[in-house]
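In what comes next, chain A is part of two complexes: it sits with chain B in the first one and with chain C in the second one.
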Partner chain A sequence: MGTALHAEWTKLRTVAGPYWLVATAAVLTAGLSAATVAAVTCADTGCGLDAPRIALTGVQIGQAVVAVLAVMVVGDEYRTGMIRTTLAAVPSRVAVLAAKGVVVAGATLAAAVPGVLGAWLAGRLIMPGQGFTAAHGYAPLSLTDGPTLRAVAGSVLYLTLVALLSLGLAAAVRDAPTGVGVVLGVLYLAPILAAVVSDPDWERRLRQITPSTAGLSVQHTLDVASLPIGPWPGLGVLALWAAGALLLGGLLLRFRDA
Partner chain B sequence: MEATIEVSDLRKTYGSTVALDGMTFTVTPGRVTAFVGPNGAGKSTTMRVVLGLDRVDAGTALIGGRPYRSLRTPLRHVGALLDASALHPARSGRDHLLWQAHSQGLGAPRVDEVLRLTGLADVGRRRAGGYSLGMRQRLGVAGALLGDPPVLMLDEPFNGLDPEGIRWMRGFLRALAAEGRAVLVSSHLMSELQDTAGHLVVVGRGKVVADTSVADLIAAASADRVTLRTIARTEAMTALAERGATVAVTDRDTLTVDGLPADQVVTVLSQASVPFSEISAHRATLEEAYMELTRDAVEFRATEVAG
Partner chain C sequence: MKGLLRAEFTKFRSVRGWVVGCGVAVVLMLFFAVLAGAGTSDRGGGPRGGGAPPKGPDGTPVVDGFTFVRQPLPADGTLTVRVADLTGTDLPPPRPGDDGAPPAPAEPERPGPAEAEPWAKAGLIVKAGTTPGSPYAAVMVTGDHGVRMQHDFVHDLAGPADARWLRLERKGGTVIGYASADGAAWTRIGTAALATGEVEAGLFVATPPHEEYDQFLGGTSSIGGKVIATGTFEHLTATGTTGDWETEIVGADPSAGRPDVGATRTGDGFTVTGTGDIAPAGGGAGPKLEQTLVGGFAALTVLAVLGVLFVTTEYRRGLVRTTFTATPGRARVLAAKAVVIGAVTFGVGLVASAAALLIGEAVRGGDPYPVAVSTQVRIVVGTAALLAVAAVFAVAIGTILRRGAGAVAAVVLLTTLPYILSVAAVLPAVPAQWVLRLTPAAAFAVQQTVPEWPQVHQAYTPAFGFFPLPPWGGFAVLCAWTAAALAIAAVLLRRRDA
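Moving on to the complex of A and B:
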């Protein structure tokens, strides 16, 4: 496993693509957050806005970039045929997928930590000027505040789990464009489908099991008891999706011809 | 570990297409074994099965007595080149070898060593996407040598090589076999392996058609065949034909004589006072021997198609 991990790390760091994707994910996450907080104002006490959640909006775009990064780690090898060299060098499919999972998670953290902290910082600096003041019942965003810390740390974990979900799905479909399509469908289309369901019970149930909607519950800090699913259980649902996708990808990798 | 590849009764079908139909052969150390047959005969599939990449419906493939997937550092047991173009175009050739080295617990010094061995030391740090096919083949061979393995398996390594590259590859393969390694080289062009292969495994339609030593094969194909150089072509042909030999014109002043040993050819020509400038026992090329070997199979196939 150690040597497989070393090999995957060497692969990742010896092409330019991952560096660009990590930088793009971080910049887009912080940038969209900054743009969002600059556009939202709180006019009065009880405007009812969830300040940390607004500040972390950028995660919604950052997830697309980390998904692409994760899909490429597998998809590029199938596109070039290099997957056969990989599996000849490391015959254990479990070791290959685990090693890829570790480097994908590492690269995602390298994007998510600065991106999410940048988003938080943008909220902390810009929001007081937008009416999120003590007078309206808002303290500056602080990581010493439990729910805010949960939203920030949870967003980092959310992005990491999205990357692992993408890796598993990419291993299953073996093709980068298809993989990106499937992953973006799961992340962005599933919430829309849940939203158009008219039956409120079913809508609630779908929100509980949709990976992105459930996972992003972790960003909520207001009135969490009324959410379809709580912050940590919601992130747990995404973790189950990621585990399921990796299991599926791993089994197909093991039993299909390379 | 014994340096062998043992392939035993491999069977595999893709849907209704039979890819491997009882493929069986053994590659032994110290010589280059040519793995020859038309495209689609099952050569690449067999190699992928040996590397644990493709599953089979039945049969076993062993490296030094062990299945590939049980090897912990497989590149130290067998080095393989399947597809020279299977690399990330943006990664340098050196880095392409580096990740493979790291997967076996090897380091950069070994990478630089195999780059030197294959003549790529100067271009190792360039993007592999800019390599010619010949350079990619060399890079693939470098990768196969990383773990200094006792067994090598190369799929069509001559593809895309210029004449100088072909000469280099032949010498390189001979040297590797001379070091005691088992070397299996596939090719669909027999002539590429002239003076290189010591053993021949000919395949067609997923199974072995012939498994023979190249020396025996060439001797058999050369038997009782004489090359004759003469300015009196017609007289020579008449005299030899009268003695029951089969004579074929191969050049303006060259004849090939079948069915009469060289000393008798000399006697016949002297008695008939036919002048000649040179006479030699003909030595078949590997390609000729191969054609002879597969002629029956080809005829059978032609008849079958016609019928």
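Moving on to the complex of A and C:
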């Protein structure tokens, strides 16, 4: 396992693509957050807005870049035929996927931690000027505040789990563009469908079981009890999706010819 | 060029995965139509709540409720009156916000006269009957929009803003509206057709409820409450009418049981209190026909993958060198690819969206806002065109980036994410509208079915299904992005080694 891990790490760090993707993910996450924060104002007392959640909007775009990164770790090997060399060197295919999972999770953390912290910082610096002041019932975003810390740390975990979900799906479909299409479909179609479905029971159920809507409930800090699914259980749903995808990808990798 | 098109089409149709992909796009579109249709219910209802709204003479759903001081008018006649005053009064308590919205800040109780709502109305009306939805012609003073002449709910004409005197003249099958500032010099505002025979004529007062909307992270909210408007009429004269003045509350909700509006005679006029509205129903909050086409996003994702693969696979296999050897004009190759992918995806999109509309209609719960056949054709053809242009956009992005994964992500991010951020109510209304003006997601305006009425105050924001650009204007934004991407792709294709 140690050698497999070392091999995967070498493959990742010796091409330029992953560095660009990590940087892009971090910049886009923080950038979209800053833009959103600058666009939202709190006009009066108790405007009812969830300040940490607004500040973390950038995760919506960061997840796509992270997904591309994870998909390419598998997809590129199939594109170039490298996968046959890899599997010849490490015959245990489960070990290969596990090593890729560790490396992808590490690379995602390298993007998610600065990205999400940048988003948080944008919120902390810009929001007081947008009416999120003590007079309106808002303290500056602080990581010592329990729910805010949960939203920030949860967003980092969310991005990591999205990367693992993408890795599993990519191992199943093997082609990078198709893999990105599948992952982005899974992530982005659910909120659109939930917005269209007007039956409250259906909408609630959709928000409970789909990976992006359930997972992002970890960003909520207000009125958590009335959410379709709580913050941590929601992240748990995403973790189940990621585990399922990795299981599917692992089984297909194990039993299919490369 | 013909041979080139044929070559590109052969490349497309001979890859089994891509043909299967077209099928997957259709299936996803239908699957989403079924989900959206089955998951739609009218529980909860629109902002005006309860039951199907009455239909106007042309089939438009309407709101028709007002206080009517009337006399029968068997044939020709003229009504003249001066509207001395129009005020509004808030009825406490204010209605709390809808669906999961933050609690509305307690509005200060405003007892007694207050400013009238912008679209509060007081004036003269001739109406075919007192059944809600029946044809009418009216001239009125409004709270904020001056004197208007309106007829049959959807027609609205502006008159002189400062006039206080109103006159309605019925001649045969025509009603003519006049207004005047002093009761001496009259300005003709317009005419309306009204069937001959006995009609009801008289004074009316109506006011829509006070509502303020916004869209917030994760939901929309409306604050406001019912309002009563008071119209003070004087110098009332009527010719051609028969019988006595009678007061009727048209379109009263029997369950509401609020007999707090009515009319009292004062000298040569009346003081009339009223609530309700005479206008097209807004339709922003209810189910909408375009919801059956929500699968367009799934189809777009699939077709974006196909468009990207159509280019990047050639680079991956080295086929692109053969292609360019056979056809040295690289821009022509790009054009042929764009034409082939555009034509194929347009056909697939047309089949998919027409079928999705029919299936979604069949399984849906609740009545969506009624839509003319021409509009239905527009949303089906528009969705197909949107998918086709998005696929061409994917070809161009694929040519620019040459890496499939990044290209797919770029196309999906540019078309779908702006829609999520602005329509699924993450951004407030104004930035959301800017996002839907500037990004390729503007093209989803071709799916909008619910019209905007200038004479109805409601939230014309993306969360309620209203796009800032007109349908084909929004589509043009996507076309502009695609044209720019194709131009960049053509330049890069010529400059770079294959």
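Quick note on the criterion: the second predicted complex is superposed on the first by the 258 of 258 C-alpha atoms of A that agree within 3 Å, B and C clash if a C-alpha of one lies under 4 Å from a C-alpha of the other, contacts with A are read in each partner's own complex, and residues count from 1 in each chain.
Here is the rule we use: contacts are C-beta pairs under 8 Å (C-beta built on N, C-alpha and C of every residue); 3 or more make two chains touch, one makes a residue touch a chain.
All figures in this text were calculated on a predicted structure; none of them were measured in a lab.
Asker: Name the contact category of A:146: first (chain B only), second (chain C only), both, or neither.
Answerer: neither
Asker: According to the contact criterion defined above, which of chain B and chain C contacts more residues of chain A?
Answerer: Of chain B and chain C, more residues of chain A lie in contact with C.
Asker: After lining up the shared chain so the two structures overlap, which partner does A:49 touch, if you call chain B first and chain C second: first, second, both or neither?
Answerer: In the superposition, A:49 contacts chain C only.
Asker: Could you tell me if A:189 is touching chain B, chain C, both of them or neither one (first, second, both, neither)?
Answerer: After superposition on chain A, A:189 lies in contact with chain C alone.
Asker: Tell me the contact category for A:16 with respect to chain B and chain C: first, second, both or neither.
Answerer: Touch status of A:16: first partner only.
Asker: Where does A:85 make contact in the superposed view: on chain B (first), on chain C (second), on both, or on neither?
Answerer: first
Asker: Quick check on the output: what are the common chain A residues between the chain B footprint and the chain C footprint?
Answerer: none
Asker: Inside the complex, what are the residues of chain B that reach chain A?
Answerer: Within the complex, chain B touches chain A at residues 48, 51-55, 68-71, 73-75, 80, 82-83, 85-92, 95, 98-100, 102-105, 143.
Asker: Which of the residues in chain A end up touching chain C in this complex?
Answerer: Answer in residue numbers: 36, 39-41, 44-50, 53-54, 57, 60-61, 64-65, 67-68, 71-72, 75, 79, 175-181, 184-185, 188-189, 191-200, 202-203, 206, 226.
Asker: If we count contacts the way the header does, which residues on chain C are in touch with chain A in the complex?
Answerer: That would be residues 32, 35-36, 38-44, 100-103, 105, 216-218, 221, 287, 291, 294, 297-298, 301-302, 304-305, 308-309, 312, 316, 365-366, 403-409, 412-413, 416-417, 419-421, 423-428, 430-431 of chain C.
Asker: How about chain A: which of its residues touch chain B in the complex?
Answerer: For chain A paired with chain B, touching residues are 3-4, 6-11, 14-17, 76, 80-82, 84-92, 255, 257-258.
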